[in-house]
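Would you mind keeping the following structure in view while I ask a few things?
A, B, C and D are the chain letters, set down in written order, and residue numbers restart from 1 in every chain.
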Amino acid sequence: MTARLCADADDAVAGVRDGSTVLVGGFGMAGMPVALIDALIRQGAKDLTVVSNNAGNGDTGLAALLAEGRVRKVICSFPRQADSWVFDGLYRAGKVELEVVPQGTLAERLRAAGAGIGAFFCPTGAGTLLAEGKETREINGRLHVLEYPINGDVALISAHRADGMGNLVYRKTARNFGPVMATAATTVVVQVRETVETGAIDPETVVTPGIYVDRVVKVADHA
Amino acid sequence: MSHTSSRAPGQGPLSKHDIAALIARDIPHGSYVNLGIGQPTLVADHLSPTAGVVLHTENGMLNMGPAAHGDEIDPDLTNAGKVPVTELPGAAYFHHADSFAMMRGGHLDICVLGAFQVSARGDLANWHTGAPDAIPAVGGAMDLAIGAKQVFVMMDLFARDGTPKLVSECSYPLTGLACVNRVYTDLAVFDITEHGVSVRQTFGIEVHDLADRLGLPLLTGSPR
Amino acid sequence: MTARLCADADDAVAGVRDGSTVLVGGFGMAGMPVALIDALIRQGAKDLTVVSNNAGNGDTGLAALLAEGRVRKVICSFPRQADSWVFDGLYRAGKVELEVVPQGTLAERLRAAGAGIGAFFCPTGAGTLLAEGKETREINGRLHVLEYPINGDVALISAHRADGMGNLVYRKTARNFGPVMATAATTVVVQVRETVETGAIDPETVVTPGIYVDRVVKVADHA
Amino acid sequence: MSHTSSRAPGQGPLSKHDIAALIARDIPHGSYVNLGIGQPTLVADHLSPTAGVVLHTENGMLNMGPAAHGDEIDPDLTNAGKVPVTELPGAAYFHHADSFAMMRGGHLDICVLGAFQVSARGDLANWHTGAPDAIPAVGGAMDLAIGAKQVFVMMDLFARDGTPKLVSECSYPLTGLACVNRVYTDLAVFDITEHGVSVRQTFGIEVHDLADRLGLPLLTGSPR
């Protein structure tokens, strides 16, 4: 179904259920859907599994969601950062589960979810701690690990511009996880800096076609 | 919804265009739809521009427009049947792996396909006659069969030799297992349900006659 | 290594060895690298495995390569067409091998080759003739077939425009197999309609980054 | 090429910038290179614009330029270390799955990484100290380790406590198995070959002293 333009960020994240898996775009602050995360904090869903590259910085955004005790599990590639004290404290206190996934495998598992691939043999991490307990197989003389898709109930992503169909373009390295996460969740919510008329985005340059987008909300750019 | 007979018995079977119009009416507003190649592409002619239906073509495009004519013809812009087409506002292009990821990942709402046979379980046979000298050629048929949220088949209910194409078991090689949700034919529309084949509508034939000719038990009443 | 601009199509296909696997882009005539195929016919490599969506039309292009007896095997999704008489004759005479692959699986196996994925479980074709002899597995209640990458020694593709780095953009549905084949071969040869200065393609709109491109040749558009 | 001592013994170890300059000189013209995060990013400062080296950053860009300053800073444009950077002519942006496909698929010529330890077989340990209270965080390290055609490590040869970082077996958790091709350090440059560790160059130390301090057999002469 074609995308819906939402009145505000609260409208955009309405209905997220307790226990949901939430994919959150961004790499550092680039592409981080700040307004949607803030709205999710207000919305109140708890017992969440959050899939994102990092596990929150400082005291806002994902860190604030974590601090409220709303996150049961984090699936990410790089939780530990100079300013990830909220996550660090919860983790050391045993109050949040952590699944660490190599960054490229995280992206590929999200892609597999979106692309209907049941599982894939991946050379990354073979023979390391992160492959423990996973099925492995040697293919063409190289050890591979069997990796499964990561499906989201909801994806929260940030893009630069949307048209009336929900077609999206991104800007520079803020593109990062947005396009793959948009394919991998049941409900895809996008915050954009600007909306344009359908037809105003050159069809050759669309990065995320509107088929993947459920809700769009225009928010002021805090950058 | 209960079984309805849209036309009085005896009014005769639907034409291909009638079937296409019926399918077009059943596609919800705003759906993303793939019409495969051949006969199902007739459905496009019956979709009103206000229906908000977005057509996908597996060679890498969303929001495909009608066939191109005259100066509109662009060799770089064709549908899956290699027929020149046009582009509607809001279109998007993508490569083949992304296009089939979109399909295999279950993002299309509806796909409409032709068929040699459909089984009562929803198995589809539409790519290979099984003839010993046939050159196998599958194209995107298997991807389409398993990819969309709902798979509609559009076909005549009986082959030219009078044998049913809705069967208990397909005798032709399969395209996909238990993948068909609904079958639109010249004589009736069927839902494939977990309880069996359910008749939604008939055209000029009574259900008991239909069951006799098909040699299949048919459910009527509320489909799932 | 950065891409090389070739003098002509013969220069672009120089060095293709007997026994090579050649990926050939295009879907029907859209995106078909006609000038490169003609040059490959002149170049003389034989015992080739050709990977392409179709198996030649009429008497030119791939059909001419087939007619010269230079192709040992065809891997494609749809060999049989109204005007595929050259392939049909060779196949019925037992003079060419055929591997039929569902079109999406063909694209995904090429992508896997380019993306370093060892193998993947794919629902397409499960339970059909085309899965016979292949490993299968039920994942989340759905039957999947294990599919392996298709690597090319050479890819011949057609794009619309290239810059000096080999960055490519395509045009409309002529994009089709080009971008995935460009990732899947050791040597990637591209015919383009126009070449532009490096910097003249908006970095947001590059479809195939130059890292994938080895040789570029500008040819007159026969379309 | 046979073993050479670039500096006279006693001239002392290289600085980080000396090592970075050495690596920069060894990168062939026109290479596609990823410099990871941290210390290896110094290599960029020593790459001449005429070297034609194209930098990849795993967060989705080719032809990354130098760090951004002042008005150049754009929050939408950072490197993998989340430092604002610039864009060179001929750049391209792509999403994370495409970026790591590029890496995993072996399309980058060279990747330069830091390390806690490298084994004589080329095993790499650079993501986890193995300390019981450490929070594991891998980022793109495992992808980089196995992705490039050649993996270069840049590190001090000895840890602060004097223990060698080039070892017969890594004691830290591994990032990748048998993935390192060359190790650039303050005291020497090594090739990891199928026959063992080969010394390419030393800086202020004799090979036999190096072998003694490392407790490893070292090959000299023609590396593979």
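Keep in mind that, in the parts below, contacts are C-beta pairs under 8 Å (C-beta built on N, C-alpha and C of every residue); 3 or more make two chains touch, one makes a residue touch a chain.
Labels paired with UniProt names: A, C = 3-oxoacid CoA-transferase subunit A.
Worth saying up front: this structure is predicted, and the values here are computed from it rather than measured.
Common partners of chain A and chain D, by the touch rule above, are C. The chain pair with more C-beta contacts between its two chains, of A-B and B-C, is B-C.
The mean-CA centres of chain C and chain D are about 35 angstrom from one another, to the nearest whole unit.
Spacing of chain B relative to chain C, judged by their CA centroids, is 30 angstrom. If you average the Cα atoms of chain B and of chain D, the two centres end up 55 Å apart.
Looking at chain C, residues 108, 111, 115-117, 122-123, 170-172, 203-204 sit in touch with two or more other chains.
Along chain B, residues 61, 87, 93-94, 101, 103-104, 147 each make contact with two or more other chains.
The complete set of chain-chain contacts reads A-B, A-C, A-D, B-C, C-D.
Across the complex, chain B is touched by residues 27-31, 77-81, 87-88, 91-92, 98, 100-105, 107-108, 110-111, 122-130, 143, 160, 170-180, 207, 223 of chain C. Interface of chain B with chain C (complex): residues 57-61, 74-78, 82, 87, 93-97, 99-101, 103-104, 128, 133-143, 146-147, 173-177. Residues 108, 112, 115-123, 137, 139-140, 142, 144, 148, 169-172, 202-205 of chain A touch chain C in their complex. For chain D in complex with chain C, the touching residues are 28, 30-32, 52, 54, 56, 61-63, 87, 89-94, 101-109, 147.
Across the interface of their complex, chain D is touched by residues 1-2, 111, 113-117, 163-165, 167, 183, 198-199, 201, 203-204, 206, 209-212 of chain C.
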